[in-house]
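Chain IDs A, B, C, D, E and F follow the sequence of writing; residue 1 opens each chain.
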Amino acid sequence: MEEKNMQEILQKAEVLIEALPYIQRFNRKIIVVKYGGSAMVDEELKKSVIQDVTLLKLVGFKPIIVHGGGKEISKWVEKSGMKPEFVNGLRKTDAATMEIAEMVLGKVNKSLVQMVQELGVNAIGISGKDGGLLKVDKKYSDGQDIGFVGDVKEVNPKVLFDLLEKDFLPIVCPIGLGDEFDAYNINADDAACAIARAVNAEKLAFLTDIEGVYKDPSDKSTLISELSVSEAHELIGDGFIGGGMLPKLNNCIDAIENGVSRVHILDGRIPHCLLLEIFTNRGIGTAILGDGEERFYCKSQN
Amino acid sequence: MEEKNMQEILQKAEVLIEALPYIQRFNRKIIVVKYGGSAMVDEELKKSVIQDVTLLKLVGFKPIIVHGGGKEISKWVEKSGMKPEFVNGLRKTDAATMEIAEMVLGKVNKSLVQMVQELGVNAIGISGKDGGLLKVDKKYSDGQDIGFVGDVKEVNPKVLFDLLEKDFLPIVCPIGLGDEFDAYNINADDAACAIARAVNAEKLAFLTDIEGVYKDPSDKSTLISELSVSEAHELIGDGFIGGGMLPKLNNCIDAIENGVSRVHILDGRIPHCLLLEIFTNRGIGTAILGDGEERFYCKSQN
Amino acid sequence: MEEKNMQEILQKAEVLIEALPYIQRFNRKIIVVKYGGSAMVDEELKKSVIQDVTLLKLVGFKPIIVHGGGKEISKWVEKSGMKPEFVNGLRKTDAATMEIAEMVLGKVNKSLVQMVQELGVNAIGISGKDGGLLKVDKKYSDGQDIGFVGDVKEVNPKVLFDLLEKDFLPIVCPIGLGDEFDAYNINADDAACAIARAVNAEKLAFLTDIEGVYKDPSDKSTLISELSVSEAHELIGDGFIGGGMLPKLNNCIDAIENGVSRVHILDGRIPHCLLLEIFTNRGIGTAILGDGEERFYCKSQN
Amino acid sequence: MEEKNMQEILQKAEVLIEALPYIQRFNRKIIVVKYGGSAMVDEELKKSVIQDVTLLKLVGFKPIIVHGGGKEISKWVEKSGMKPEFVNGLRKTDAATMEIAEMVLGKVNKSLVQMVQELGVNAIGISGKDGGLLKVDKKYSDGQDIGFVGDVKEVNPKVLFDLLEKDFLPIVCPIGLGDEFDAYNINADDAACAIARAVNAEKLAFLTDIEGVYKDPSDKSTLISELSVSEAHELIGDGFIGGGMLPKLNNCIDAIENGVSRVHILDGRIPHCLLLEIFTNRGIGTAILGDGEERFYCKSQN
Amino acid sequence: MEEKNMQEILQKAEVLIEALPYIQRFNRKIIVVKYGGSAMVDEELKKSVIQDVTLLKLVGFKPIIVHGGGKEISKWVEKSGMKPEFVNGLRKTDAATMEIAEMVLGKVNKSLVQMVQELGVNAIGISGKDGGLLKVDKKYSDGQDIGFVGDVKEVNPKVLFDLLEKDFLPIVCPIGLGDEFDAYNINADDAACAIARAVNAEKLAFLTDIEGVYKDPSDKSTLISELSVSEAHELIGDGFIGGGMLPKLNNCIDAIENGVSRVHILDGRIPHCLLLEIFTNRGIGTAILGDGEERFYCKSQN
Amino acid sequence: MEEKNMQEILQKAEVLIEALPYIQRFNRKIIVVKYGGSAMVDEELKKSVIQDVTLLKLVGFKPIIVHGGGKEISKWVEKSGMKPEFVNGLRKTDAATMEIAEMVLGKVNKSLVQMVQELGVNAIGISGKDGGLLKVDKKYSDGQDIGFVGDVKEVNPKVLFDLLEKDFLPIVCPIGLGDEFDAYNINADDAACAIARAVNAEKLAFLTDIEGVYKDPSDKSTLISELSVSEAHELIGDGFIGGGMLPKLNNCIDAIENGVSRVHILDGRIPHCLLLEIFTNRGIGTAILGDGEERFYCKSQN
């Protein structure tokens, strides 16, 4: 064999061997992946996410995908002759809008199932209605009625445990049932967080459209690679965190404080960011972890 | 206690006792219910079907619902500014139509889940994509390309057996995956029949908008209560069966010839027709059974 | 179909649908039925009890029958040339009487097995000897030796759990083993109560020859439909309860205070009283329940 | 330690070590013991049989006892003022006699349970009614109606397998159910043989009141220690076998020809004959085995 | 049968029956046997130990053998041209010695497996490396480095529970892994004691070259048959215990104080001492038991 | 992130994604690895083999290692003052040599266990004695007695299936038991082949000191990447295969003809050759497969 080939081959082996301790650490552990943002729009990124999650499944992890439907819902609402309306960033969801939201989320849900099946892994797409997974309370925005928008009040994880036991990859869209068994729309980040807590996930990973958490959002060089819960509270207290990052970071804190070991805010615009974060020595984005917990990764970011 | 009360009470007991041998006979058996027609439109009938299936589940049967979406698909196709088109009774299904069909079927699917959950039973709504349940071949109508319409070529029942084992009520909408992992629309009767065969169902029941099979469709007094496979073949051969009944009866024959013990064509316009057929001495509609099989029901119809 | 038939059919369906929430509530729960009194003598009532219990089994409950042998024991004692003797209502049981008592109870036990098997359900008839189910202390009546009469001192429920797990209906006759492994006769009510406690039964139902508990036994209009444990204690304290009802009510209180959710004193002279109590909105007899527990049945009695 | 004590101790060890290969050979194998004759009357013998079977159970075998009630039934029939009647050696069994037979067999059955429980092993006493174990056809004696006497026509071994799985020692009395679900008396040898076949027993042992099979019944020195099926057929053909031994030997042949590996006719008058036959190098009575099967025991008899 | 034969036969039966209560008491209980001393050298004794343990296995116990390699290690060390060296009774174990120790222990280990397999029982020979069974800390002798000698610091009993569940007889040699995953030699008594604690053994038996514990080691008539933990502490405190017995007795105390029910110091020079101790009324050697525990054996020693 | 880093990161992801279909194909399949040659001598290679097998285990395969001891046995034989002797390439193995061979193989075996445990995976090291895994016939070399050298005559795979079920990585050294339960040395290639057949392995991989099979051994450019069984027979028939390759290739053929799907002759001198063969698109060495079987790998070699 030629020297050059040999070299290339050995590099391949090294990448695989590098993954060994991570495979071992997370073997049979549950990993909840909140899938959203650009990674849901770009076809190449979409494929890379699905490949990543499928690989996690195959090497012995137990991933659960929670996804939103964002821009497509608005598209279909408009297509139906209605006008999307938002109150404080929350979609005002009357019955007609809810009907469309559920249809769009169902469509996205099954299209992800389809992609996973194509890679030879068994997936099942469910909403929070199935098996009574997500029970919600009606949510108000500053006291204003915004329709069928809900806050998760109870998660019944039986359906997820059953599907995992039977070796399926569960794919969940964030619709829940109210007290009267009506359908309610739920923020996908919130749903992912509530599910991660209920199944006692080892990891919760958010695929986002940013690089991670910055100390100073205006200075890209201030990206934080690891953040303890206390540090996160501090950053928020100091007013450094704003916009869409604030609720996300609160979700991260909430997950960590309720038993999830580690939460990741990943840059979903990097292909295979999930795989790279989990299987290599190189950290991607920002990891939030419990105070005093060992920062074992020693992952470099530059 | 007054005489009249006593009388009424005893009648109640009799109805329950009458159910005893049927509960016993079908204990832990799989029953596939094709749910469609008026029973999907009228709210009262809808509720009665869901109550019936839920009761079947609770007393130890293993029901599976397979449903269509019929009129609602056309409604939404039109709403989206397209015109529903049919070739020989089959919906011409281009990509845009398929997208809408899948959205509508998904919506109907989860609304049934919702109703079952409200009655306290755990349901999971899936399509033929989930777990690779339904694989299809592209279907042509007299050689004409009618788009994403498929014929079931393979059923992978693992997902159904898993859900039944975990005590869920599976609710299936008839979408399948083609060789290239595209979504295809499937006739709901065909899907129900293929599924009943694959899970080796004890019973397959079609909820329809007719009273049953007539010897002479123009004479309502000629309703047939029991029909052997040979008699069914004969009826078809003699040209007595026409219209929408022909493919349905062929499905019945196909099911019986492939291991399903008994197929029922029920009048879905009668509330609780399913319950009455299964739990009482009174037959509803037409039963198709294997040649030489004991016609044990002795059910009267008049 | 004629209007009248249709009407009748719908009433049937209603009875079944009425049963739905009860079937659901008690699914896989253990129900101990103390079977005795007239319901053991009259052939029609006997058949109705067996049908009821068999139906409970088939729809997913886990019934256990505990029965006595009452009048037949005396009959056979006399037939053998001895004279039945009672001390304070307890049968004086010398060795010869015990031998006959055991033979008669065994005969009754297997005849019940026979009836259940005829209805197609697997039953196993055991006494408290089998698997060491019932251990007893010798019982004295006001210090007087009355022979082989025992008080349950320990229940080993393994045999019952094993039989239930293997899907048998256990039928138990109240004979126990003393410290020296001799056979002792046990009051059937006491045995049923001890067993209900040991298996953590959801319900304990006594089939009796009275309508239920009366506030004033001389006034049949004072039948009590629901009674909390405190109210039961009060009634006893007030001296309203006498005769055979006193020990029975004490058994009820004992059962409730040791984990059984609800105890029923049913009128075994009403055919299918068990079925009606459990599956319909109409209460039969008197229900005893824990203080503060929801009186959810809303069952009417008149 | 003194020499003499040492000697005695080593002999004890030798007996235990001698048992080792036999314990190993029959580990987890089913052994059906037909218990009858003197061993059921003499209290010491009774105790020795129960000790033997209990020991078999404890060291890992799966024994099943099938017992008769012989002389006691007649005793109780007479006690009830009737006269025992026999036709060709079969008890004429009218309804009243059957009732007594069942009571007596039930009493014997539970007294054996009692003895086994006393030795600390869990037993369950059943008849052929329980779990539908024994189905019978009515038996006629030379065309004459002799009442409720049955021939086993079907064994449903589920109940036995379930009890063995749950680690109980099943004790069976030979009563079966006819087509109309009436109780029928069965010859205990026949019942034991039918059960041994149905559970695919490794061994079937008859405890009898003779030393074994003789070549010449008038010459005690002609006791046969091992007999192949062919040799047994021959002996019968030559007219050497008569009296009660003929049906017993036919049962042995039947068992061997239907999958039981070895049948033993043991002298139940020797204490612990069962233990000695199974655990020592010394054969007791006559062993019947398949043609060509290795006569591996090399057991001496003198 | 002749009188003398009969007599002899009955004695055999008695020995077996005598074993019955002991078989029952220890059924499915774990018994750790420390195998060492003369019983490992003399071929006859070796065979008798293996027969005993195999019999224990066959009658339902769960024995685990822990063995040393003692004299053979020195023999091979010398054979390799090195000189065995001891510090305070502990073998000074440099890398070369450790290599030889492991080879010798491995050889002994597999030769025991071989003997058990020959008796028809499945054995697996492991060291403390397999499945991470024994983790050690480096041991110093009065501060002096004596090489690869370890103290057990952690037992991971999974491998033992797995092998027992799969019906193997585990045979363990006392080598453990240090923090750097090097091999360390462990005292076999210590290893047996640590394992007995970790698997929650019912019994721990040491096969030794002495008769048992003496009150006065110089007077053989002062052999103690039963010793409570307090009495053992007292004996040690009084200085009566010395030499090799001191650490052994401390191990016994440690085991009892950590959940093992009874520890035996047996005279391994008596053939089948293990069997006799466990299966007969005669005690062998000294039993150590918890304070206040019932001295149920009533075994005589003289 | 810099462009160059990004590039490197994406290449890492590609390697992992490349592995996806192979992980999927061999999920839960058994892979027998014959470990020998240089890869057992060089410390770096040793580590790379253990890493590879451990990774296979972690991602869901079921690897079994079979190893030899080759040069080390000779070394220790000499160390003990004996002279290694070979007849036709087979080691003449008298009792003393066998003792040493077993000790050395045991040492190697446990050192591999140690390395796997260090990587955090549970391993158990066994020989063919454990659980009766390998039964052998004495082997003669051209009729000449060469001592304790055996041919596998029977494999009892129970122990391997049990260990795999309990999630251990079995490591096997090639010693077997003869009819008299003596230890025999077995050629490691033969043992690996016999084991692969008995456990119905998906793959059997030989780590060797050559690049693979050559059409013309003198011309390195004639390396064959895939070889059907027929082609292999042909090559042998044509006399192209000689030396140590002949028995190895015969083992390959034997394995394929007895149910193993694919056999690999890998160059053990390439680090991670096992991983690269299994997880990448690049074939290493020569694959032998059944006639007519799809050559699905499309792996390139150059």
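Quick notes on this structure:
Throughout what follows, a contact is a pair of C-beta atoms (placed from the backbone, for glycine too) under 8 Å apart; a residue touches a chain by one contact, two chains touch by 3 or more.
No experiment lies behind these values; they were computed from the predicted model shown.
Contact with both chain C and chain D is made by no chain of the assembly.
For the pair chain A and chain F, the fraction of shared interface numbers is greater than half, so the two copies use mostly the same residues to meet.
Note on chain placement: the centre of chain A and the centre of chain C lie 55 Å apart, centres being C-alpha means. Rounded to whole angstrom, the centroid-to-centroid distance between chain C and chain F, based on C-alpha atoms, equals 68 Å.
Each chain gets a centre from the mean of its Cα atoms; for chain A and chain B, those two points are 37 Å apart.
Multi-chain contact residues of chain B (touching two or more other chains): none found.
Under the stated contact rule, the graph of chain-to-chain touches is a ring, a single cycle where every chain has exactly two partners.
Partner chain E is touched in their complex by these residues of chain D: 1-2, 5-6, 9-10, 12-13, 15-21, 23-24, 27, 48, 51, 54-55, 58-60, 119-121, 270-272, 275-276, 279-280, 282, 302.
Those residues of chain D that touch chain C in the complex are listed here as 79-80, 99, 102-104, 106-107, 109-110, 113-115, 117-118, 122-127, 129-132, 158-159, 162, 165-166, 168, 175, 177, 181, 183.
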